[in-house]
Each structure stands twice: as structure tokens, then as C-alpha cells.
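Across the two complexes that follow, chain A remains constant while its partner is chain B and subsequently chain C.
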Partner chain A sequence: MRALTRKGLRDLWRLRSQAAAVALVAAVGVANLVMSRATLESLEASRSRYYREYAFADVFADLKRAPEQVAQELRRIAGVAVADTRIVAPGRARIAGFDDPIRIQALSAPEPGGLHLNRLHLRSGRAAEPGERDALVVSDAFADAHGLRAGDAMTVVLHGRSQSFRIVGIGATPEFVAQLSPQAVFPDPRRFAVVWLPRRALEAATDMDGAFNSVAIALQPGARRETVLAAVDLALAGYGGVGAIGREDQRSHRYLDEEFRQLRTMARLFPAVFLGVSAFVLYIVLGRLVGGQREQIGTLKAFGYGDGEIWRHYAGLALAIGSAGAVLGLALGMQLGSLLAGLYREFYRLPYLDFVLSPGVVWLAVLASVGSALLGAAVPVLRAARLPPAEAMRPEAPTSWRRRTTGARSLVRVSQAHRLILRNLLRHPLRATMTWAGLALGVSVMMMGRFQDDAIDYLIERQYERAERYDLSVAFVEPAAPRALDELAALPGVRAVEPQRAVPVRVRYRAADKRTVLIGLAPDAQLRRTLDAAGKPVPPALHGVLLTGFLARLLGARPGDTIELETLEGRRRVLYLPLAGLVDEPFGVQAYLPLATLDRALGEGPRRDAALLSADAAAMPRLIAELDRRPGVAATGRRRESVRNFYDSMARTILTFTLIATAFGAVITAGVVYSSARAALSERARDLASLRVLGFTSAEVGYLLLGELALLTVLALPLGFALGHGLVALLVLGYDSELMRIPHYVSASTYGIAGLTALTTAVLTGGLVWRRVQRLDLIGVLKARD
Partner chain B sequence: MPLESTTSAEVFRATGLSKSYRMGEVIVPALRGVDLSLRRGELIVLLGPSGSGKSTLLNILGGLDVPTDGEVWYCDHRLHGADERELTQFRREHVGFVFQFYNLLPSLTALENVALVTEIARDPMAPRDALALVGLEQRCDHFPSQLSGGEQQRVAIARAIAKRPDVLLCDEPTGALDAATGVRVLDALDSVNRRLGTTTLIITHNADIARMAHRVLQLGDGRIVSETRNPTRARALELRW
Partner chain C sequence: MNEGSIWLRLRGKPLYLLLAATLFAVALWSFWPRALPVESAAVAAAPLTESFSEEGRTRLRSRYQLGAPLDGTVERIVAEPGDAVAAGDVVAVLRPSPSAMLDPAGRAQSEARVRAAESDLAAARATVASARAEQSRSAAALQRGIALGAKGLLSGENLDSLRAQDAAAAAALRSAQARVDAAVSVRDGYRAVLELQGDAATPTRLPLRAPVAGRIIRRFVESEVAVRAGQALLDLGDIGALEVVADVLTADAVRLQTGTPARLRDWGGETPLHGRVRRVEPGGFTKVSALGVDEQRTVVVVEFDEAAETPALRARLGDGFRVQVDFLVWQSPSVLQVPSAALFRDDAAWAAYVIENGRARLRRIELGRIGDGRAEVRGGLREGDRVVLFPADTVRDGRRVTAQSP
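Presenting the complex of A and B:
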């Protein structure tokens, strides 16, 4: 082995703790990239497989009612491969030991034989036999949330009729990967279930003998979907069709798409941030490390080693550290990736998870880690190599000493120790700045980790304390006359009742359009308020339509512009209304009109399809039981509980993310502190030992060494908070979708936790170096000069 | 003993050599027009107080630094205005250095420190032989931190001579050593000069050492202020200070 190679290996061993700190920081960046990409790719691959194996339909169409023969008409449409008719009915359910209202969506299970779409994936039990009248399959998320098993009983209320069923199987279809009720923003597995009944049983329960009210269609390869959608619409127009939709508008699919889009944004954003941070830290740390070998570089040059040989030598060191970081990061990233993907799999109800990590990501990770290590080493090596060897062998000369120090001295009257610390900082302003920035990045990453929690708290407060203030929502089976609300108001415990009407609608502005829901509210509504960006109520305007701000941006419409609203239910109407204002709300996209305007527009006289109730908490169980008995009530909902439940289910994912980000931030802080302190110690060991010889205590000497870092760490907090806000802004941008927007809000406790964690990490890491200062070999250090 | 220098070829020739350094905002002149000629096999001692420009002159002759002004030749190699690659090649093929603080690589053993140089030399001696020349064959596997100052300096000399350089440039080789140890180190240099005929330039503060030289140059304030020839060279072991 060549002497120079041997030197490299011994140097690496001698610097192992610093090298390990650097490799860890690099690993953090790589792990984040691998984790994000692996999570996303695994989820996407698993969803695709599920769709393929269980024949997820391409087109869905709901209608009022059509005789089964119409299906033949649909099957004759050019481009349609399979048209699978079924019955879909909303309803309620009861299970023993759970008092909250449960909404269900009942679907007819496919008859045996023939090609069927959206096939059931059974997790346990079996499918219901066609002849069975009282057997059903229930969705897995609901079954899990309540611990239900095959054989358990469940009461189902459809069209006001209550009927007892036995659960024979637990499963789901690709249509319900995300199991959301039609109106919900989030999955609520405790209060929403999908049930699959034998077709005959559902026909009987919903008076749909020989008829269907929903169809799922698979397209032939190469078929033009838009043409098929139009043909299906035409075929179903006479049967109360509400417009066929493609897969991308299907609820579960769209929900997952949005989630995946967010994940994809995160998978780009976070690794870029983390890799950037670790490259930066690597640059600082390796820079100091190689900077410390200036004299050795000079010596090698004096003996005729060329710049190329010297560069290759240090590149080897960087390569070793970078590769260690890459390998460690890959391993860690795959672990975390499969952990996160597992959490998401549970959350999105995917039946299985294929762990995928594309080679491209692995290469990118290795390149990023090794590249930033090489870059980190390159600058100081090139700088040292550029110097004439005679100069490189001398310690760096302090330059322009006097001017800078007098500046510092005039600022404050400081003790000698503090003056030394200040001078050291001022002597290497660039290095001090880089270290400061590295420490700040650690703080900012920790701050970003905690932010989601803050944002969600804020969001819940905003939406569910201030905008939606009802206790209970009641959906009617059929739109009812306003006096139905008077009956509700008379129920015991009810304090106030407000009406609501919602119809599916297509909103258009110029070339842009969006299918969404048009909500009619009472102008003086208090239980469901529309708020502007400042949190002030903007009641639905008589002369125009209110749109969710995000929807208006999506359409490119501004207040005053004329918006086209095409209702997609009953007799279709087209309204042209000016955009009267924007509603700032975190979830979904909606359009709002005053109830009276909506009634007039629909031309059906006043109709209400839901009521919002304010009620005494104590009266709630009786109230729910009472509502449950009414045949006209399709469903009741306690929205606030649903949301709380949703976040309970998200909590583990968010906590995992927060912990990972905090750990990453701490590793970055520790990496910077440890490697800077060790580099400073080896640079200044002689000075410090001299001071010890002069009578300084080891504590005083330790303070001289670490005081600089302590000062930088404290100064890094404000910068870290500012950078953290930058990262939060990026996150907010990444989350922005029609499903959900998160506010840019950081709580005081997040500042506190990020700051304290950074300080604690710095102190603990500094402690490791402090111990080395205590063990400083006075005589040895003073004698040796290498 | 006849002075070979009068008959042998000129190795180094410098005329009007000047060098100034920029220290922050101040320009410090280190050499102010030095004329110099060194002949093959000569042992030259360069005396002078701190800051007189000794090290600067040695660095320029060794291709570690370049002059601001003037000319310097090694045989037919032009060193002034040479680029980094040419200087590296020059150092690699012709020069051996010995520094005041040894500049051994701490992570390599004595033998490996020598091998570091022999590995890139054209016709080196075996590292072990070089160490034997300075009497350290028993200490091959010791790291610099396990050697005394004198031993470290002898390793540095072994490292410098192992590649059989044409010139040996020594910057205060005994500066960090006590008298007895210093004498041993000088003896090593002396014997290399006598046995291998290596042109040797030694910088020192110590006027006593001058007695072992063929020629003594006295530097002051960036100029050569005097030049003396020793009619007889003292053996290194005869020196006392």
C-alpha cells in the first residue's frame, strides 16, 4: 500500500468521530430523499396493482333510476368494454355499544358470473350469497375502528326502513381505497361505512326491483373518454343522470391523487431542503477538517507531490465519508420509508404494500452525498494547493488584525476571554457565518417538523370553532319543505336550527370549469358562516355568488367577474352571477348562494336537504336516538367529532414525521457543533495548552474554545426561526390543493421546542468536546508541532 | 582539503533576487537584490538574524516560492517565472528539504514518511537504507510522536536524502534541538554531503555551525552582507555551542 494511501486511512481513523458526525449529517439528507421517494413510489405502485387486480372502473355515472335494459344501451356505446350496473343508496347504521350516528353507503354486490368491475377484496370472511337476505360485507376501515368481525350483527336503515344484518365478510373495493362519506372532507372510519348487500336484498330495501341507479364502466383500450362520457350522459338523460365522471373525478381516486400530489411535492421539497442542508454542513465541516491539514498539504507539495495527487488524496477522504453517509442514509431511508409507507397504507386502506425504491433514487442519493462531500473538500484543498508550499506550511496569518478588533472593542467593554472569542470569530468571518448558518438550518428543520401540528390546531380552530359552529347536521332522504325544520326545532334540547341546501354544480369561468357543490345558506346563518381571509363573516350576497378563494384562483376569476353555474341535479339550470366575494376556508372548494336565490334558481319552490342544529350536549344522545327513528332523516353527523377522529388517526403519521424532522434537525446541530468544536480544538490545542500552562483553569480554557460556538448557537436561533418560516412557506405551498390548504401559522411552543432542542443538543455535543479539553496533554501539545 | 567549489559546475545562480510579501495592507520586503552562486558538492551555511530573508532565499532556491523580481537558475532550469507544475517537477526530481519543525506527517511511521518521498522519486534508495544512514534503522516503525525531536529531525533528513536529491535545503535543522542532538543531526547532514556529494544549504542562527561549511554567507536586511570561505572545514562532531 502506498504511504499516501496509508496516511489517508490513518487520517480517517484519527478523525473517525468527526467523520462520523459528517457522515451522519449526509445520511440524514439521503435518508430523507430515500424515505420520501420510497413512500411515494410504494404507495403509487401498490394502488396501481390494486386497481389492476380488482378492476377499478374508468367511468362512473349516477342516475335517479333506470330499468336494467338501459344497460344494454350503455354497452353498445363505442369504446365501452364493460358496463356494470348497481344500486347505491345512502343510509344509516347502528351497532351495539356506539351511540354516535353512523352514515353508510350501501352498494349492491355483484352477482356471481360475468365480468365485474370494482371487485371486492375480502380481508376476512366471505362474500354474501345472492340469495341471502340478511348478509352483508362491511368496509374494513369501519370494521377495524369498531373491532367488528364476521358473524357480528349490524342494523342498517335504508329509506327509513330498519333491517338487521349479519356481517359475513370484511373488505373493500378499489372504489373505496379512501373510505369517505359523500359529503365528508376526511375519512371517518368510526362514523362512516360502506356495505355491500346482495343485489336482491338492496333492490327490496330501496324499491329498485329490476332497476339500477349507478353504473361503472370500463373503457376499451384507446377509447376516447370524453366521447364516452357524453354518450353516457345522453343515454341517461331521461333517467335523472347527474353527469358521468371519469376516474379522476371519482371521490376516493381524487382524494388519493390529491394526497399523492402532496406527498410528491413533499418528496421533492423535503429532500431538496435536507440534502441542501447536509451538503452545506458537509461543506463547512469537511472544509475545516481539510483546512486543518494545511501544513501537511504544504509539506507534500514541498516534496514534489503535484496538485492532482494531493486533490485525489483528499477526494478519497471525502469519498469515504460521503459513501458512508450514502450507505447509512440508504439503510435508514429504507427503514423509515417502509415505516411511513406502512402508516400510509393503513391510513389509505390499501390491501397490500409493494415496497418500491427505483434505482434512479439510489443513484441520486449516492451522488448527492458523495458530491456534496467532494465539494466540501474541494474548496479548502484547492485553496491550500493554490498557496505556495512555503506559505501553506506556515499557520494562516492573521490579516488586518487591528482594524477589526478596534471595531469590536469599541462596541463593548469585554473581558480578555470574551475578547479572544470575539477576535476568533472576526478572524474567520466567512467560517463563522457558515457555522452560524449551519446551526440555524438545524433549528429551521426542527421548526418545520413541529409546524404541521400547529397548522392543524389552527385549522381546526378556524374551521370548526368559528366557521362551522353547529353541533349536529341532519341530512334528509329527499329535499323537504321548510316546515320540516320547525319539527326539528321543537325537539328537546335543540337551541337553534338553520336550513341548508346543496346541489352538485359545474362552475365555469371562461375556459375553466370545476365540478363542485353549490350550498344555499340563510343570509343570517350563525351555525355555518362563510368567513373572509381576515376571519370576518361574509354572508352569502343577494346579488352574486361566493366562491372558496382557492376555487376562484383555480378558475382565474376575480370579484366582479361573471361566473356560470350549471346545476347537475333535477332540471338543469344555468345561472350567470357576478363573483361577490371570496370565502377563505381550509377544506374543499364550494360555491355559496343565499337560500332564497338558490330556491328561485332551481325553480322547485323552497326545498331543504339538510339542517344544522345547535343543541345541548346533555340532550345529544336522546336527540340522536330520536332523529334515528325518523324515516325522513337520511343521516345525522357530528362533524367536530369526525374531525377530531380524523386527526387522531393522522396523529401517528404526523408525530412520526415530527420526530423524524426533529431528529434530523438535532443531527444537523450536533454535526455542526461537534465537528466545529473538534476542528477548533485541533487548531488551537497549542494555544489552549499554553493558556493552561499560564494558569488558566481547564474550565476557563474550555469556555474559550466553546464560548465561540455557544455564542453562534444562540445567534443561530433568530436566523433559524427566519429560515424555518421560509421552509414553512414552502410546505404551505406544497399542501395547497382543492382538498385542503394549511395556514402559515407557527405557535410559540414550536419556537420554544425547536430553540430548546437546538440548545440542548449543542450543550450535550459541546460536553463531549469539553471532556477532551479537560484531558488536554499539556506537555505533549506544547512539545509537538505537526 | 581542496575546495571543490572552485572547480565544479555551478548548480544555482541568482541575480538581483527580490521578494516582498503583502501582509494585510503592508508590503514587507524580504529580499532586496541578492546575487548568489552555488556549486556542486558545496556545503553552504546561511547566517543571519531573524527577518534577514534567509528562509525566503531558501524557499525560492527550493522552488517553494517565486521571486518578485530578479533571476534564479538551477543548472539550466529557469526557476523565476516557472509555473506550479514545473516547480513541482523540479522539487520532485532535484530537491530535498529539512525543516526546523521536521514537518513529518504524524499519521505515518518513520519508514512510511520516508517511503512517501521515495515512492514518487526516480532513483531512490530503499527507505530503510536512508534511515540507516541517519542511524535510525531500529526506529523504522515508530510514529513521529514516539520519537524525540532529534530523532524526528533525523527521519526528516532521511526523508530528504532518500531520493538522492541534487541539493539539500535545510531551514534551521537544529533550531528546535539541544546542542548534543543538534550535533548528531549536523553530522548526518555532513556525512551525506561528504559521501554523496549533495549540494547542501543550511540556514542557521548559530555561528558555530558555520565552521563546517565550505562557504558562509551572511544575510542582513534582505541582502548578502558578507561571504567567507573556511580554509578548513570542521567536522560536525567537533562543533560545540
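Presenting the complex of A and C:
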């Protein structure tokens, strides 16, 4: 073996603990990259395959009611390959042993034979035969949540009519990868189900014989979606069509897309930070190593080794560390990736979630790790290679004692040890700064990891504690006269009733438009309020419309601008109202008007779609039974239970993410501290040993080293917090969307945990170095240096 | 390495102390329990009303509906809803339609029937004459027979038959007379019918008069059209005398009695009006509710409170106008009350969080009457206590809270 190689291996062995620290940091970055990208690719691949195999439609259109012949018109539209009509109806369900109200979405199952879209993927059981009157297929998330199996009974209430059904199968369609009710913000598998009934049974239940109220369309390859959408709208306009939407606006698809977007943001941000830190740490380590090997380099050069060989030698060290990091990171990333994929399977009902690790990701990981290693090693290695041999063989000249760096003569009061520490810091300002920055990054990464937990807490508190304060929400099958509110007020246990009205609407400002919902609220509403950015309630304005802040930004409108609102129901009135204010809410985008103004604007008299109730908890079971009994009630929702359910379902996911991020952050901090301390120790070993010989205790000598570290760590906290805020801001920017806005909120406990973990890690790592300080070679120091 | 105690060792190493102090400070600052911002309100004495609300409508205290008395054609009614009328004013004119018997064929038939009846009468009279003649003959024969019988010149049998004949003849005469009477009645009857028939050429006009002074409220028929007997033409009444009716759930109606005050709002005016329950009707009926279930309801009549009203306001109300009626079942001018938003159940009892010295304290409360968004406090709270509104799940007994302005 060549001598240089042997030297390299020996150096690597000598540096093993520092090399391990750097490799770990690189591994963490690679693991994060692999984890998020692999999960993302797996999800995307599984989804594409699912959509393809089960014929997910491209266009969806809902309407009030049209006879079956209209489907022929739709099929004749240029660009339409398949048009599948179906009946969709919201309703309620009851199952044995569960008292809470259950919302359902009932769809007509495609008849066997023929080309159908959104085909059923059956997990167990079978599809219902067309002639069966009491058989249905239920969604798998719901079935799993309640432990239902084929053969179990289920009572379904549609349009006020109640009927008992048998479950013959459990499955899902690509239309419901994310199984959540149209009004909900997050999935509630225990309280929402999708049921597929034979068409005839659904026709009978909803008075839709020979008619349909929803259509799914597959486009021909190369067809332009906008033209097809416009044509479909035209064809269905006379039948109460509310506007056709493309696949990207379909609820489940959008939900999944949002998730992908967040994953992508994470996949871009975190690994970049981690790998950056590892590159930087490697820079420190290699820089100091090279610095410590000046004489050897000089000797080697004197013996005739060329610059290139020296360069390759030290680069090889960096490469070895980088590769070790890559391998470790890949293994860790794959483990974490499959863990993450498992978590996602609970939310997104894909029939298969193949964990795909594309070669592209592997190459990217290796490249990233090795690349960052080389980057970190570049400068010191180049510097080493350029040293002329004679100079290299001389001991390094002490750094210049420039007057400027010790400006404050008053420092003469400081004790000797502190003067030493301070002088050391000031003489190597770059090194000190970089150690400081590295520690700060460790803190900021931990903050970024815990941020998700904080943000969700804040969201929930903002929306479900301060903005919405009702106990029950009641939705009506048909818009009801205000009499219905009196009826609700007379029910047992009801303390307050607040009405609500909602109309689908297209909001336009200049060239931008967005389809959303216009909500009418009572003027003194307490159970559902609109809050501004400061959390103060802003009541719906008398002469203007309130918009969600995100929507206003999307449209480019500012308070005072005139907004056009085209209602998509009833008389299809178009309203022109000034933007009166902005509502800061985390979920969805909405427009708000006072109830009386909305009634007048729509011209149909007072109509109410829903009511919010405040009720006595002791009377709740009776109240729910009373509401259940009323055919005019489409669905009821319980706020507290929904929130609790959300926490229960998300808890595991959040905990996993937080643990991973905290662990990663701790590794980074430990890596930076350890490598800095070890490097400093190896540089100053002689000096420190000399001091020991002069009579200083090892504690005092250790203080010189570790005290400096302690100071840097403490100073790193403020920078770390600031950087953490910066990273959080980047995350928030990446996450913002129509469906959800994550607030830029960091709780005090996050600061605490990040800071404490950093400090504790520093202390523990320092302890490791302390032991080496105790074993300084005093004898070796006394030998003269040649 | 044992150079004295830890403090001695650390005394010269302030940077370590700095680290430890920072650790401590960060821990303290981040985990120090922070006060939760909450919305609060004060418990105070104020007026409280227990009430429930029902949709109602106005109606005339006395409604007079003018209907067509006969089939006929009503002339164009020029009176319009809102016009004032005095008692006895002609408001509509009806031209009764010719009855079925008035056509010429019918008339001829009636006349023929009269003639036939008169013929029958003449025949009956002739029968009477003949019967009389027969009767006198048989009476005379009987006399002769009796005379001969006395002389013994006639057999008893012959005498009996003469008597029988006489009796028969008398009976026949009576029957013939009765028939004459009947024929007279029949003839009179047909004559009467003929007389009752008017002349088709000159129809009569029947004026319909307003039964009372008042205003015309509704007009059901405007143009000149044929109407049936009983068809409604106009609604009249004194628009100044209105009352309000509401269909009230029977379970709520038992809480009402004559004299219960009511507040009438959402009628379109600026201020609510006031009234009192005049009557709760004892008969309930089934009505389908707005959300589709059967409910038992009964009618409750509310009269306007004359003393409290400005007639000008009420004058804008008509008949059948929508009013939202709040029945004020119980009122008190000053009672200690708490907003219901602060109340929740703690096991079976009512409770609320009271803010004391910056902490939330759970207190069990006894409630009395429940009003609109507030409830009467009978025990557990004092005046001036501040309670937490809409307490979140995170509020616990002893938790630090800070009251913020809503």
C-alpha cells in the first residue's frame, strides 16, 4: 500500500471520533432528504397508479337535476371521452354502539359492465348487485375506525327517509383518497363515511328516477380542459349546474396535493440546512486538521509529493467521511421513510403504498453528502496544497497581536484565564464566528422541528376556541324559513341559536377569480365570529363584504376596492360590494356578509341553511336524538369532539415529526461542539500541556478550552432563536395555500426545549472532551519541537 | 483532582456559571406557566326576562266577509282594498242568475202544469157533483126503504143494502171533496211557482251592503264575473282593531295565561310593539314543523297594549302581517345574573370559572330562571365576580388567566 494511503488511514483512525461526528451530521441531512423525497415519490407514484387503474375522472360537475338524456349531450362535447352520470346525496347514518351523529356522502355505485369512472376498489366483500335494495359498500376509513365488517347493519337517513342497510363490501374510490366531509377541514373517520348504493336504491331514496345530479367526465388525450369545462357549464346551466371543476379542484385531490406541497417544501428546506451545517463542520475540522499537519505537509512536499497528490490525499479524507455519511443516511432515511409512509397510509386511503426509493434519490443523496464534504474540505485543502515546503516545515507563526483587537485596555482587570480565552477568540475571529453560527444552527433546527406542533396548537386554538364557540352545528336539507330556528330553540337543552346561510359564489376582482362560499352571519353572532389578524372580532360590515385575508391577497384586492360576487345558486344574482375588511382565519377562503344584507341581495326572502347551537351538556343525548328524528336536518356536528378527534388522529404523526427533528437538531449541536472542542484541543495540546507543566491544574486548563465553548454556546442562543424564526418564516411561506395557512407562531416552550437541548448537549459533549484534557501528555510537551 | 468543594472550584470559572445560569433562565422563562388570555364578564344585577319566541301574524279582531248570497254575476267592484266604508254603504251589486225554470220551455211546462192542475180540479169538482147527486139519490132511496120497511113491505136484506149504498155514497162524496181540496192545493202550488218566476227580460239587481263601518281589507273579485253562491267577494273590518295570533307549542302554551305580556318585533318598524295575551285557545291541533316532525300546537291570541302604543306605529300594520312574538313569561327588574356563555356542567351541577387573583377557580352555581343569553344566579356567585366566557378545554381550576377585552 502506498505510504500516503497508509497515512490517510492512520489519520482517519486518529480522527475517528471527530470524523464520526461529521459523518453523523451529514447522515442526518441525507436521512432527511431521503425520507421526505422517498415518501413524496412513493405517495405520488402510488397515487398515479391508483388514479390510472381505477379511472379517476378529469372533470366533475354537480347540478340540481337533469334527465338521463342530457348525458348524451355531454358525451357529444368535443374532448369528452367518457361521461358517467351518478347521483350524489348527503345524509346521515347510525350504527350500533356509537351515539355521535355521523355524516355520510351517498353515491350511486357504477353498474357492472360498460366503461365507468371512479371505480370501486374493494378491500373486502363485494359490490352491491343492481337489484339489491338494502346493500351498500362503505368507505374503508370509517369501517376501520368502527371495526365494521361485511354483514354488519347500518341505518342510513337520506332526504329525511330512514332505511336499514347491510354492508356487503368495504372499499374506496380515487375520488375519496382523503375521506373527509365537504364541510370539514380535516378527516374525522369516526364521524364521516362514504357509502355506495345501487343506483336504483338511491334513485328511490332521493326522487331521482331516470335523472342524475352529478357527472364525472374523462377527457380525451390532448383535450383542453378549459373548453370542456365551459361547454359542460353551458350544457348544464339549465339544470342548476353549479359549475364544473377540474381534477385539481376536486376535494380529495387537492387535499393530497397540499400534503405533497408541504412535503416538497420540507424536502427542500431541511436537507439543505443539514447538509449546509455538515459542510461547515467539515470545514472546521479539516481546516484545523490541515493546520495541525503543516509540518507533515511540508515534509511530504520536500520529499517530492506534488500538489495534486497532497490535494487528493486530503480530499480523500473528506470523501471517506462524506461517503460514510451517505451510507448511514441512506439506511436511516429508508427506515424513517417507511415509518412515515405508514403514518400517511392512515390518512390517505391508497390501496397500496409502495415505498419507492428511486435511483435518482439515492444518487442525489450520495452527491449531496459527498458534495458537501468536498465543499467543506475545499478551502483548507487548497490552502494546504499551496504551502511552500520550507515554510510548512517551520512552526506556525503566532497570529499577530494587532492593537485593534485589544482596544479596551480596561480588560486588564479581567482575570488571566479570561484574558487568555478572549485573546484566543479575538485572534481567530472567523473560527469563533463559525463555531458560534454552527451552534446557532443546531438550535434553529430544533425550533423548526417543534414548530409544527406549535402551529397546530395555535391554529386549533384560534379557529376552534376563539372564532367558533358553538356546541352543535345543524345543517338543513333544504334552506329553511326562520321558523326552523324557533323550532331548534325549543329543543331540550338549547341555550342559544345562531342562524347561518351559505351560498356558493364566484369572487372576482379585475382579472382574478376564485370559487368559494359566501356566508351570511347574524350581526351579533357570538358562536361563530370573524376575527382579524390581531384576534379581535370584526363583525360583518353593513355596506361591504369581508374576505379571508389570503383570498384578498390572491385577488390582489385591498380594502375599499369593489369586489364582484356571482352567486351560483337560485337566481344567480351578481353583487358588487366594496371590500370592507379582512378576516384572518387558518382554514379555507370565505366571504362574509351580514345575514340581512345577504337575504336582501339574493332576493329570495330569509332562508337559513344552518344553525349553530349552544347547548347544555347534560341534555346533549336527548338533543341529538331529537335532531336525528327530524327529516329536515341534514347533518349535525359537534365541535369539541371533532377537535379532540383531530388531536387523537394527528398526535402520533406530530410526535414522530417532532422527535425526529429534535433528535436531528441535537445531533447537529453535538457534532459542532464536539468537533470544535476536539479540534481546538488538538491544536492547543502543546500549549495546554505547557500550562499544566507550569503548575495550572487540569481543571483550570480545561476551563480555558471549555469555558470558551460555554461562552460561545450561550451567545449562540440569541442567534439561534433568530435563525429559527427565519427558518420558520421560510416554512410558513412554503406552506401557505388556499386550504390552510400555518401561522408564524413559536411558543415559549419551543424556545425552551431548543435552548435547553442545545445547552445540555453542549455540556455533555464538553464532558467527553474534558476527559481528554485530563489525559494530556505532559511529558511529550517537554520535548523540543523539531 | 479534589481541590476543595464544587463551589470553590467553580468560583474562579464564571463562564461555567454563566452556562448554568443561562440553562436555568431559559428553563424558567419558557416553562413558567403563562396566563391564558380569556374573555370575561361581570356578574351583576340587572333586569332579566324569561321568554320564548314564536312566529305570528296580525288579524282583524272582527272580520266580516262579504259573500255572494246567490249564484249570479257580480258587477265590477270599484271599491278597492283600503277604502273606508260606512255601515250600509253599497259595496257590490249582484245580478242573480235566472234559475233553471226560467227558460221558455220550462215556463210553458209550468203553465201547462197549472192548466193540468186546474183541469184536475174541475174534474174533481165534477166528481163531487156526481157524488153529491149519487148521495142524495141513495139518501132518498134509503128514506123510501125505511118507510117501506116500517110497513113490512121490504126485506131486511134490501134495507141493509140501501143503508150500505147510502153510506158508500156519503163516503164517496167526502172523498170527492177531499180530492177537490187536494187538486186545489196542487193547482195553488203550481200557480205559486209560476208567480215566483220573474221575467227574463228584466233581471233584478241585488245590492250588497257593508255590514259595519270600516275599511275594505281584501278584494277577492274585481271584474264582472259569474260567481257562485257563497263565494267570497270582500273582506271588511276595522283595521284599527287588530290582534296578533300565533301557533304556539302546547308545552309552551301552558306557561302562558291571560295577561302575560308579549313583545312584538320584526314587523318592519323601528321599535317593537307591546301586547298582552288575550286568550289561549283550549283546542290543540297537529302541525308539521319546519323540519318535518309533527307538533301539537294551539292558537294564542295577543292583543295590542293600547296604553303603551302610539297609534301611528300600529296604523302601518295590516291584516295578515308577519310579526315575531316574544312571550315574556317572567320578568324581574333586578336580579343577579350571569351570562350563559360562562356556564357548563360539572357532573350534574352547573358551574363556572371565576377569576380570583389572576387564577380561574371552579365554582358550582345554582341557577334560577334562564333568560336570553343570561341566567339568574341563586347561589355560588356574588355581585362583581368576573366569570370566564366560553371557557376552553385548557382552562382548569387554578390555572392562571388574564382577562382580555373581547
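Assume the second predicted complex is superposed on the first by the 728 of 786 C-alpha atoms of A that agree within 3 Å, B and C clash if a C-alpha of one lies under 4 Å from a C-alpha of the other, contacts with A are read in each partner's own complex, and residues count from 1 in each chain.
One rule holds for everything that comes next: a contact is a pair of C-beta atoms (placed from the backbone, for glycine too) under 8 Å apart; a residue touches a chain by one contact, two chains touch by 3 or more.
Please read these numbers as outputs of a predicted model, since none were measured by experiment.
Which of the two partners, first being chain B and second being chain C, lies in contact with A:Leu694: first, second, both, or neither?
After superposing on A, A:Leu694 lies clear of both chain B and chain C.
Taking the superposition as given, does A:Ala484 touch the first partner, chain B, the second, chain C, both, or neither?
Touch partner of A:Ala484: chain C, not chain B.
Counting only touches as set out at the top, which of chain B and chain C does A:Ala96 meet: first, second, both, neither?
After superposing on A, A:Ala96 lies clear of both chain B and chain C.
For A:Ala534, decide between first (touching chain B), second (touching chain C), both and neither.
Neither chain B nor chain C is touched by A:Ala534.
Counting only touches as set out at the top, which of chain B and chain C does A:Lys301 meet: first, second, both, neither?
After superposition on chain A, A:Lys301 lies in contact with chain B alone.
Identify which of chain B and chain C touches the larger number of residues of chain A.
Per-residue touch count on chain A favours C.
With the two structures laid over each other on chain A, which partner does A:Gln526 touch: chain B (first), chain C (second), both, or neither?
second
Touching residues of chain A toward chain C in the complex: what are they?
Contact set of chain A toward chain C: 160, 415, 417-418, 421, 461, 465, 469, 476, 480-484, 486-490, 495-496, 526, 537, 614, 616-618, 629-633, 640, 697-700, 703, 706-708, 710-711, 713-714, 717, 748-753, 755-756, 759-760, 762-763, 774.
Where on chain C is chain A touching in the complex?
Per the touch definition, chain C meets chain A at residues 1, 3, 9, 12-16, 18-19, 22-23, 26-27, 29-32, 34, 52-55, 249, 251-252, 289-293, 295, 340-341, 344-345, 348, 370, 373, 390, 392-394, 406.
Where on chain A does chain B make contact in their complex?
2-4, 6-7, 10-11, 14, 295-296, 298-307, 309, 388-391, 393, 397, 399-401, 780, 783-786
Touching residues of chain B toward chain A in the complex: what are they?
Touching chain A: residues 23-25, 55, 59, 62, 64-66, 84-85, 88-89, 91-93, 95, 97, 99, 101-108, 112-113, 115-117, 119-121, 144-145, 149, 159, 176 of chain B.
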